[in-house]
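These notes concern the structure reproduced below.
Letters A, B, C, D and E mark the chains as written, and numbering starts fresh at 1 in each.
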Amino acid sequence: MPHPTVPATLEGWSVLHQMFRLDWPAWLAAAGDARQAAAEEAVACLQALKASNDGHTAAAALLGHKGDLMLLHCRRSLESLLEVQLTVARLQLARFLVATTSYVSVVELGMYEMTAKLHEQLTARGLEPESPEYDQAFAAEMAEQQPRVASRLMPELPRRRYVCFYPMSKRRGEHKNWYATPFTRRAMMMREHGAIGRRYAGQVVQIISGSIGFDDWEWGVDLFADDPLVFKRLVYEMRFDEASADYGEFGAFYVGLQFAPEELSAFLDGRVPGL
Amino acid sequence: MPHPTVPATLEGWSVLHQMFRLDWPAWLAAAGDARQAAAEEAVACLQALKASNDGHTAAAALLGHKGDLMLLHCRRSLESLLEVQLTVARLQLARFLVATTSYVSVVELGMYEMTAKLHEQLTARGLEPESPEYDQAFAAEMAEQQPRVASRLMPELPRRRYVCFYPMSKRRGEHKNWYATPFTRRAMMMREHGAIGRRYAGQVVQIISGSIGFDDWEWGVDLFADDPLVFKRLVYEMRFDEASADYGEFGAFYVGLQFAPEELSAFLDGRVPGL
Amino acid sequence: MPHPTVPATLEGWSVLHQMFRLDWPAWLAAAGDARQAAAEEAVACLQALKASNDGHTAAAALLGHKGDLMLLHCRRSLESLLEVQLTVARLQLARFLVATTSYVSVVELGMYEMTAKLHEQLTARGLEPESPEYDQAFAAEMAEQQPRVASRLMPELPRRRYVCFYPMSKRRGEHKNWYATPFTRRAMMMREHGAIGRRYAGQVVQIISGSIGFDDWEWGVDLFADDPLVFKRLVYEMRFDEASADYGEFGAFYVGLQFAPEELSAFLDGRVPGL
Amino acid sequence: MPHPTVPATLEGWSVLHQMFRLDWPAWLAAAGDARQAAAEEAVACLQALKASNDGHTAAAALLGHKGDLMLLHCRRSLESLLEVQLTVARLQLARFLVATTSYVSVVELGMYEMTAKLHEQLTARGLEPESPEYDQAFAAEMAEQQPRVASRLMPELPRRRYVCFYPMSKRRGEHKNWYATPFTRRAMMMREHGAIGRRYAGQVVQIISGSIGFDDWEWGVDLFADDPLVFKRLVYEMRFDEASADYGEFGAFYVGLQFAPEELSAFLDGRVPGL
Amino acid sequence: MPHPTVPATLEGWSVLHQMFRLDWPAWLAAAGDARQAAAEEAVACLQALKASNDGHTAAAALLGHKGDLMLLHCRRSLESLLEVQLTVARLQLARFLVATTSYVSVVELGMYEMTAKLHEQLTARGLEPESPEYDQAFAAEMAEQQPRVASRLMPELPRRRYVCFYPMSKRRGEHKNWYATPFTRRAMMMREHGAIGRRYAGQVVQIISGSIGFDDWEWGVDLFADDPLVFKRLVYEMRFDEASADYGEFGAFYVGLQFAPEELSAFLDGRVPGL
């Protein structure tokens, strides 16, 4: 029985990361009441976005020059994300924000083991891979999985102090090529990779979102922890597993402190915002 | 009989993608009547461009910082595209638009199988490849194909909610080199690649345009669908086929929501524009 | 008899490509008489530059965001090019132009076959390669060639509607390295490469300029044609020859419509300028 | 006994490098009293940051266009670094500063030898690698090391005239891959690498900080010396050791002159600031 | 006797290249007397910098968009370079200059043959490589060389019309790695490389400066000639020698016309400045 090639995925929240630089000199030069009005409007906006029926929004103060502020929006659809994007763009505060980068993705669970299991069952039932019958039966089985993992597909955003975001892809080199590697070997590497993550389970919450077809890398990774050194240790340890050592390619890293919507005012006043 | 090297292509619309960031703060700071005049002029322009005898234009609201607005223009010639480009550049709205990128290409059908068939016929007639007689006979045969595939060369732009655009090239690595791969092998890989596309036929409409000699990548790909997850699944599945896994190189991905010309006003007012 | 390594070249015009974005909003916002004065001065300048005793200048309207305007200046010396550059920089129109890129090079004929022939003759005369006598005799022979190919070294710029420019280099990879490939093999590949060009002779005029030591790529290529699809077909077909498939590296492509100096006014008024 | 894969690390100061360009024309155009007030405030700020209970700050005047000013902040936590970042952003001087780049990291000691030793002891005690018991025992042993190397984890910043900063990563190539190299071999290479550093001990002070999970490269390197040629010699010599020759990848290099907080005034007046 | 690994170097001038774009529209819009004052101050500054006891400064008008003006400063120390940098930054003319790039380096002579010779002598005296005694004896011998090559370490800047600057590094590829190549082989390649240079001795003056630890590439190369085609021929011919073909990596190329300090006025008036 030939193995399948493409692991099935389940998708949840549509996700938009927005990184902004705050033009501090312009902000500080603005009139006091204009600043107060802009801050109050922005706080109210963040509170509404966070408490939305349609998803969640988190905010973080970033370290370094790649941005001062990161907004992480999870919504039920790209349409809702566009609505959020338009809302933020029209804030009075937006006059002082410069978008430095962004990331569009969808929360994703990669299902290597489930794919292998379903494949075995369906071919045992005599279904031909890539036939409409096979595809339909496969989709039906996957749809059944969806509720079982709903809380992982549409998670709440963890209320942990430190946040780390980075995009990544699997290497398609001339010699080391993830997409030309057999399914079973990839499944094995992903299992090993996942085992490291599980050893850090209490210390870090990880949200993986897929962005193939949506943005320039293949996946986005968000990590949430109470101790930022956990980011360093986890990512360093993973760098030695075969999936990452041989096949991981990483984009820019963003690290910051998550804060509560109402703490945006403190941040805009130059104080470290509380969570 | 030696195989040909270069697959013939048929060409249709000349295509210009324009991506713009909207300077929201400047837009919101503009006087109400200036905004209304600019919006009305831009809507009328989009309507005229869409209904042109000479081609089609579609508009989409993009997600993320790489652009707020994408215009996709199809015309009969580069000259017409230049005319469109000049028209857009002179809109009142253009004062608030910053071009972030663009793409120049020509709708293209790659004809691997037809090339092989014609080659066989012409050499059977005793014509010498690369001789003027062969070239002329080949061109005549291709010209006959043109009307048969006219609707694919000069297609209407699908009225589907979601749009995805990305440029790509075939790898010319030191070991994996598409252009040094035998014709029959490339033809086989393209057939496999096309088969995946056909399985998604109902869910997605794909327009391929060639840009060798016109822009920085070799092809542009536009996908249109009612469900954006289809983009992710299609591109992910294709990433495992040999043509993509070993030879595909991909540029930036742009994803957005197509909207009707008259809905540009809603967008400029900060509302999600309808299709 | 060992073969030489370095093919001789003959050089003609010094060349400067200038790509400019036109700041349309600022241009449109300028007072009518300021625009008229700027346009008239720029037209007169282009006319003078085109009719120069010291060389030629062509202008093209570019498609896409990489520039609105390309000026291609050919002059007898870098000193003359600097003079042109300073003249353009001081135009009233320059207030509305933003230089997006440029390219500095010298029209060049690569002489693989002549080099081999002269090498054979000189070594037959007992001259030692790389000796002063050999170098001097070689230079003298090349100097004799110069008048024979003067019209190709200092060509007039073809009055064809479409223009394509791109820079390129020969790959110096770890495995595929043009500069580590034997002379005879390179000569053979260049001959094959040239043969494709000759098949397109009637349809396209090509000007090659060398930029090693002058700019960031090794050569610049200008193509002129009445049908822009010829650019696509020629460059695509060449991509399969060994010199390009294995050793060609290509920079950005610029495509546009050449226009007559006096048509700059039409362009600045938002109309497609005539040739 | 299988060797471990991941070398343990000990972490100290959280570190933020900030590189700024000074907008000299704007600065010189500002009113004299505004400049004096801004300079005095900035000097006082640097003095307070340098004398902080919570860490150290150093300032340097950079050579070249990549920045005029580098601030190097060491603090006990990312939270403190954010506080510093906000303080600097709100200086009056910040109106004239443009952040060109930055770097976020944590002072780190890589413990290859200690890791091997502990691994041997713990497995000798019958503990299973990657078991909770092993992890806990290992962490306890490492915690004991912390005070012993506290002065290297939370060093004072050396009062030497010349400073050099650059980020680096270990190569993960398709053939040469640090993370796929056996532990003992990496340990051996790091020992050799360290030996070169020790030969330069009197001439240069080196602070290594890790940034995996925090910033775009894996490590940041700061060098301090009284003679800048030492930077050149040390980095050149190291480039030949196996760890660097085969596995080192280097980012941008920044070189400058460290100066005392109160000397910022001289710098802002256009004079070389003293240490 | 094992060969040494690291070739010794001798160092001379500290070097700063500054490339500036001139904001021509702003310059032309400035009041006549402000321009005259700025030009006179800048000329006087260039004259003083050129005639400095502490080093030399040369100026060149660049071709293309990468810069209008290049200043090349040679000084006895980085401290003096910083002083020069501050002086230029505070010119009235600096309001119209935008730094596009820069390069920090130190004039360097690589001493492959001397290193081999000294190594042989010292080991013959029984000194152990990398021992303090060896290092000290080696340094003493090198110090003796310094006066002998002083004029090459602290050269005057040649008064030739054309200038070419580019940075370069030696490749550290996965297969072709300069730093993993045996000393004797590198020495042999450098000898061959130098032989080409010597054949151009009368036509071009070359100044090599090292920038490992100082800037982003490993070396900077300045060429001075009366005929700019010499740059093209020399760099092209060298590209075929093994050191360059297999191991050379090149950054951006800058080419321009050197001019005398007092000719800056002509340049600012839009005329080609004389030497």
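What we mean here is this: a residue touches a chain if its C-beta (ideal position, glycine included) is under 8 Å from a C-beta of that chain, and two chains touch if they have at least 3 such contacts.
These figures come from a predicted structure and were not determined experimentally.
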Query = Stepping chain to touching chain, what's the minimum from chain B to chain D?
reply = 2
Message = Centroid from C-alpha atoms only, then distance chain A to chain D, rounded to Å. What do you get?
response = 29
Ask   = Cα centroid separation between chain A and chain E, in whole Å?
value = 47
Task = Spell out, as numbers or ranges, the residues of chain A touching 2 or more other chains.
result = 174-175
Message = Thinking of each chain as a vertex joined to the chains it touches, would you call that graph a line, ring, star, complete, or other?
response = ring
Key: Ordered ring members, chain D first, chain E second   = D, E, C, B, A
Task = Using the touch definition up top, name the residues of chain B that touch chain C in the complex.
result = 5-6, 9, 11, 14, 16, 18-19, 78-79, 81-83, 85-87, 89-90, 94-95, 99-104, 106, 130, 135, 172, 174-175, 177, 179-180, 210-216
Chain E - residues contacting chain C, complex = 22, 24-25, 28-29, 61, 63-66, 68, 162, 164, 171, 173-176, 199, 223, 228-229, 231-237, 239-240, 242, 244-246, 248, 252-253, 255, 257, 267, 270-272
